[in-house]
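Chains here go by letter, A, B, C and D, matching the order in which they are written, and residues are numbered from 1 within each.
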Amino acid sequence: MIDIIYRIGHFVLITVFSMALGLLFMGIARKIVARIQKRYGPPVYQPYLDVLKLFGKDAITHGFIFDFGAIMALGGVIATLFFIPLGSWQLYSMEGTVILVIYLLAIASLGMAMGTVGSGNPQASVGISRALMQMLGYELPYLVILFALIYRYQTSSVWGLMQAQAGSFLNWNLFAYPLMAAVAFVVLIGMMGKKPFDSMIAPSEIGSGPVVESGGKYLGMLLLQKSITIIIELALYVNLFLGGAENILIFTFKMLIVWVLATMFGSLFPRFRIEDGIKFFWKWPLGIAILQAIYIIT
Amino acid sequence: MNNNFVKGSWQEILDWAQNKSINMLHYCTGCGAIELPPTMTSRYDMSRFGIGPAATPRQADLLLVTGYLSTKTLRRLIYTYEQMQAPKFVVGFGSCTINGGMYWDSYNTIKQLDKYLPVEMYIAGCMPRPEAILDGLLKLKKMIADGEADGYQRYQDNLEYYHQNQEAVLGEVQRTQ
Amino acid sequence: MRNEKDLLQLMNAHFEPLKLEIKRKQNVSVEFKKEELIQALSFLKSHSYRHLSTISCVDWPEEGEFELVYHLFSYDDLINISLKTRIKRDPGIFQTAKEIWPVAEFYERDIHDFFGVKFKGNDNLEELILENWQEIPPMRKDFDTRKFVNDKYEWRDYNGQKHTD
Amino acid sequence: MLTNYIFIPIAAAFIAYILNKRNRKAGAVITALVSAYLLLSLTALYGRWDITQSFNLSLMGYKIDFLLAVNPLSWLFAVMTAAISILIALFSINSQENFKFSSVFNLNFLIIIGSMIGIVFARDFLTLFIFWELMTWTSFYLISAGKKKMAGRAAYRYIILSAGAAYAFLMAAIFIFQQTGSFAFDSAAEFLVANSPAQSIMLLLVISLPFIVKAGIFPLHIWVKDAHGNAPKEFSPFLSGMMLKIGIYGMIVVFYQLSFFKIIENTIAYRGLPLLSYLFALLGAVTIITGTILAIRQEDMKKLVAYSSISQMGYIIIGIAIATPLGFSGSMLHLMNHLIFKSTIFLALAAVIYRTGTTKMYEMGGLIFRMPLTFAAYLTAIIALAGIPPTNGFISKWVIYQALIEKGYLFLAIAAFFGSIASFMYVFKPLSTVFLGQLKPQHQNIKEVPLLMKIPMLILILVIVLFGVFPGIQMNIINQISGYLGIETVNYTLYSIQGANGAWNSLLIFNIFSAGFIIALLLFSFAKKSKLVGLLDTYSSGEYITDAESYHYAYQYYRPFDRLFDNLAAKSLTDFYETLTKNLVRSGEGLRRALAAGKLQNYALYSVLLFVILAAVGWII
């Protein structure tokens, strides 16, 4: 009994922590973008207020699939979260293989896609179709990188891959395989839908795409989903390339550095067209990733 | 602790969050569309007050009507307003929304926005400068925090009145289902 | 490449224009009898004036006439030419130019909206810009805007003083 | 007796044909009963791997044996055939009310079931060939019974490829018969191992031709799309779920029981894998990529799913060809799972076709509010197909990935990753355009399908989840097969599988997924209740919508992506084959004119010459 309560407490703690941290990161990103554009920018805690406000607002739904999609999106990312080691916090990270994490994230995407397309708005469909096409662009180099890493360290659990880089910081994959780390960084920007690769949420073109019909608590839940997704993607990057961390503070610090860099890169570029984005991913990141993988397997 | 008290203070918290975070849908019908970009970008930067743009009416709290409204536009504006979710606020920009402005004798522009939609406040000017816009929005924030911005409730309470006025100029009005 | 004078000569050679005028450089205005106008349009289209910029209309209530103006442009000659003609105001019916330029359908709908001119051959003359318009077309000079506005809209009351006063 | 399993369906076929003339539903009921009998009696056969049966026939001095036997591999395929037939028969009781050829359908369907069981029980080339031809021809009639105009053409393409390959197979079999005096697999295997490797490899490649055609592997996949697209909607699940798999069965027989792998063991190798195996795996990889890219382009949902079948076949081929324990287990898992989820998809689409009467995706939309169970079946199946946990599809793909990463086959892995991620795209297209979006006015009054059509879909949903949580059930029989074929087995428990570099624990994942879902559900239900509005009340830049049809994004869903592959897709293989045929016909015509010029004597002369040459060749060999 106590064990179960302890476990549930763990679940809730990690969920709440990641939501809070993700929202904070989003606030920091808005501040950074504002400073780059010579603006003062909203306060760092703005996303918290946004979420609070959204949950207080009225909302409309377009039927049960719309509700189900929002729940599936949030539930999917929360489930994924438990498989990732966050510093010393690790619930099930031993069991979770890194490929599993990538595919679990797809549950959330599928839920969101289903819910928003279920609203009957064609702009949502356009956004989703763009997002899926882009996903094919960035996931391919990422999976090639994972292939190489798993082959190199002979383990596919995130925890194992993190442990393999223990010791000096020179063992970090960032320094051991810098090309791969760079590719993963570009992929990370694509995954998080930041600037050069944000055609699926283009607000003035397709009315913010997937979230076009979401208001009130639906938007709030998707915001929370986004915040947890950010944490998952950053945590994966930190675990795979920056050697993880001993405790949650250092881990958060490493995530923050990656996030700030990604935000800065993101705010410098204009937007890719869809097919140009895919072509870019298949030309440079995929090419470099394949070269690096060939180097590792031979 | 009675239930009303909890409900009341919860509402206050929500009002406070609402006043700090406003997503506006700018319905750019006239020259106001030109005044908003400087207000949003680095010179005046309205985002420091927690006000930002929204892409669709579903995500928006604030409907900015930036300029004259022809009857044809008014029909779409009403539809857009009804698609927004409460709490929602309407702000009229410039003389055109107040009394028709320079289009005062045009056969096709409405003269008073507040007869058709519950306007929280007007920002006067032709067009108002960004300073005026910011000043107005700050006052709106204060109204929201004090719970005075209750346009959507007024709209619900006086639905008959608003619908009558709308149908008087537009004929039949298409509404959300 | 023709210049303005060549163009006028060309017009004179093929039609019997009522009035020819070079307004300024690259801008020519020709007035036709209404029977000749459609013919002139298709003639000009086959002589490099392929671009129909717009069709406009002027109301002359004293003379009881509408004046229709077709604005053409040639990318070869770089000349704007305005072809004018006058039709009777009372039935207010003219031929459509839809067969020559499909886009003319929209310009004609526009003119029908605002002046009530009908175009024979164009059966899609429903409202383009106005919605539910019940009065006489608003751009006719006998349409009393001030009265219409006073009747339809309420003025804001500034302490007993109306906006119009 | 093993012959029961084969001849009872075939005998029942004619009864079904006669009764079906009286009552439209009788044929399907008989099919269901016969398959139920088959399933039950096959279940009783489990574990008795020593049953054999043989007949002798003396023909023109040759003694020919017909051998039948049960082994875990055949048993699995027979059970799968019987199980899927029950579901399809149940489904078709109602759905064939208006089908003109329903009696022909049931006749052929039962014969196919019988002949497929005959194929998997056969232990010699001749029996295999006889039932193979029976299956091919009956399925040819079934495909051409589709109502579409193109059905005949599609069926001809299918029959020409199949028949050509089958006769090549027969030639090779007869050649082996001449050498060994027996058609049996065992003696053939002995002979092939002892023979010169080059000749053995050639023979085995020829023998595997009909299986490659049936499995739809890359250069010979052109029949699949049209055949699937035009087959009767009830037959598509069987065609895609089982008949493609029977090709895989044949390839396993060639690879292991005819010792193809043993023969090529010592040839040139790449990363420890004989080059020929690697080439087979590469064919699988190319199959994945072409199938995927072409699936994304389709506007017809049955063709889309047909191409997706081609691409999923690629995974199975890769796993079998790389011949590691994990690869083989992954392939067998994927084979079973593909049968399950692909049948679900086809049944769900058949339900949609039954109600709407169209297969074009852009002619539908918003059917979720009218057909919720069909939607649920489709959704579960595509989650499995896209390989998203916690469904069975993920497990099999995961095991195949493990096998590829273990050995470091980079390019095979890239193809597998590509197919997996791109499958999100093509499975989402029907979901979005048929089930979600705006409901078309002409479909306002559509109802959910009748109960008898719901039951098979429900069962399949349950099976997908069951095998997603307890893959150990499948691993049990797979390990028996591995043991029978002499492959190392994989460690597993009821709900976990041990991979090369990590384990998979599906129960844990299922639980955690539920936990995450519950947290989200709690958050959702504590928040304010939302108001239900209609589908037409959506953001449309202020304009109000009156007709649903113009507000549905369905046609050319992935146009930007398709644009990348336009050049490639324009050069279709079908065109290539057609040009080839045309040129062959033309050159043949030229040859005829040059040599024969219409004189009968010349033909006779050439026939004699050809005979002499063939005889000489045969004598020399």
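Here is the rule we go by: contacts are C-beta pairs under 8 Å (C-beta built on N, C-alpha and C of every residue); 3 or more make two chains touch, one makes a residue touch a chain.
By chain, UniProt protein names: A = Membrane bound protein complex subunit mbxM; C = NADH-quinone oxidoreductase subunit C; D = NADH-quinone oxidoreductase subunit M.
Fair warning: this is a prediction, and the values are worked out from it, not measured in the lab.
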Worksheet item: What is the set of chains touching both subunit B and subunit C?
Response: none
Worksheet item: If you take the mean of the Cα atoms for each chain, which one ends up farthest from subunit B?
Response: D
Practice prompt. Looking only at C-beta pairs in contact, point me to the busier pair out of A-B and B-D.
Written response: A-B
Worksheet entry | Distance between chain centroids, defined by C-alpha means - subunit A, subunit D (Å) | 36
Discussion item. Counting only Cα atoms for the centres, state how far subunit B is from subunit D in Å.
Written reply: 59
Response to the item:
Per the C-alpha centroid definition, the whole-Å distance linking subunit C and subunit D comes out as 67
Worksheet entry | In subunit A, residues with contacts to at least two other chains | 56-60, 207, 212-213, 216
Discussion item. Two or more other chains touching the same residue: where does that happen in subunit D?
Written reply: 533-534, 536-537, 539
Discussion item. Residues of subunit C that contact two or more other chains, please.
Written reply: none
Worksheet item: Among all the chains shown, which pairs meet the touch rule set out at the top?
Response: A-B, A-D, B-C, B-D
Practice prompt. Would you tell me which residues of subunit B are touching subunit C in their complex?
Written response: 71-72, 75, 98-100, 104-108, 110-112, 115, 169-172
Worksheet item: Mind pulling up the subunit A residues that touch subunit D in the complex?
Response: 11-12, 15, 55-63, 65, 67, 70-83, 92, 95, 97, 99-100, 103-104, 106-107, 109-110, 113-114, 117-123, 125-126, 128-130, 132-133, 135-136, 139-140, 143-144, 147, 150-151, 154-157, 160, 207, 212-213, 216-218, 220-221, 224, 273-275, 278-279, 290, 293-294, 297
Discussion item. Could you list, by residue number, the parts of subunit D that touch subunit A in their complex?
Written reply: 366, 368-369, 379, 383, 386-389, 394, 398, 401-402, 404-405, 408, 410, 413-414, 417-418, 421-422, 424-425, 428, 431-432, 436-438, 499, 501-505, 508-509, 512-513, 515-521, 523-524, 527-528, 530-541, 548, 551-554, 557-558, 560-561, 563-564
Worksheet item: Of all residues in subunit C, which touch subunit B in the complex?
Response: 129-132, 138, 143, 145-146, 148-149, 152-156, 163-164
Worksheet item: Inside the complex, what are the residues of subunit D that reach subunit B?
Response: 533-534, 536-537, 539, 542-544
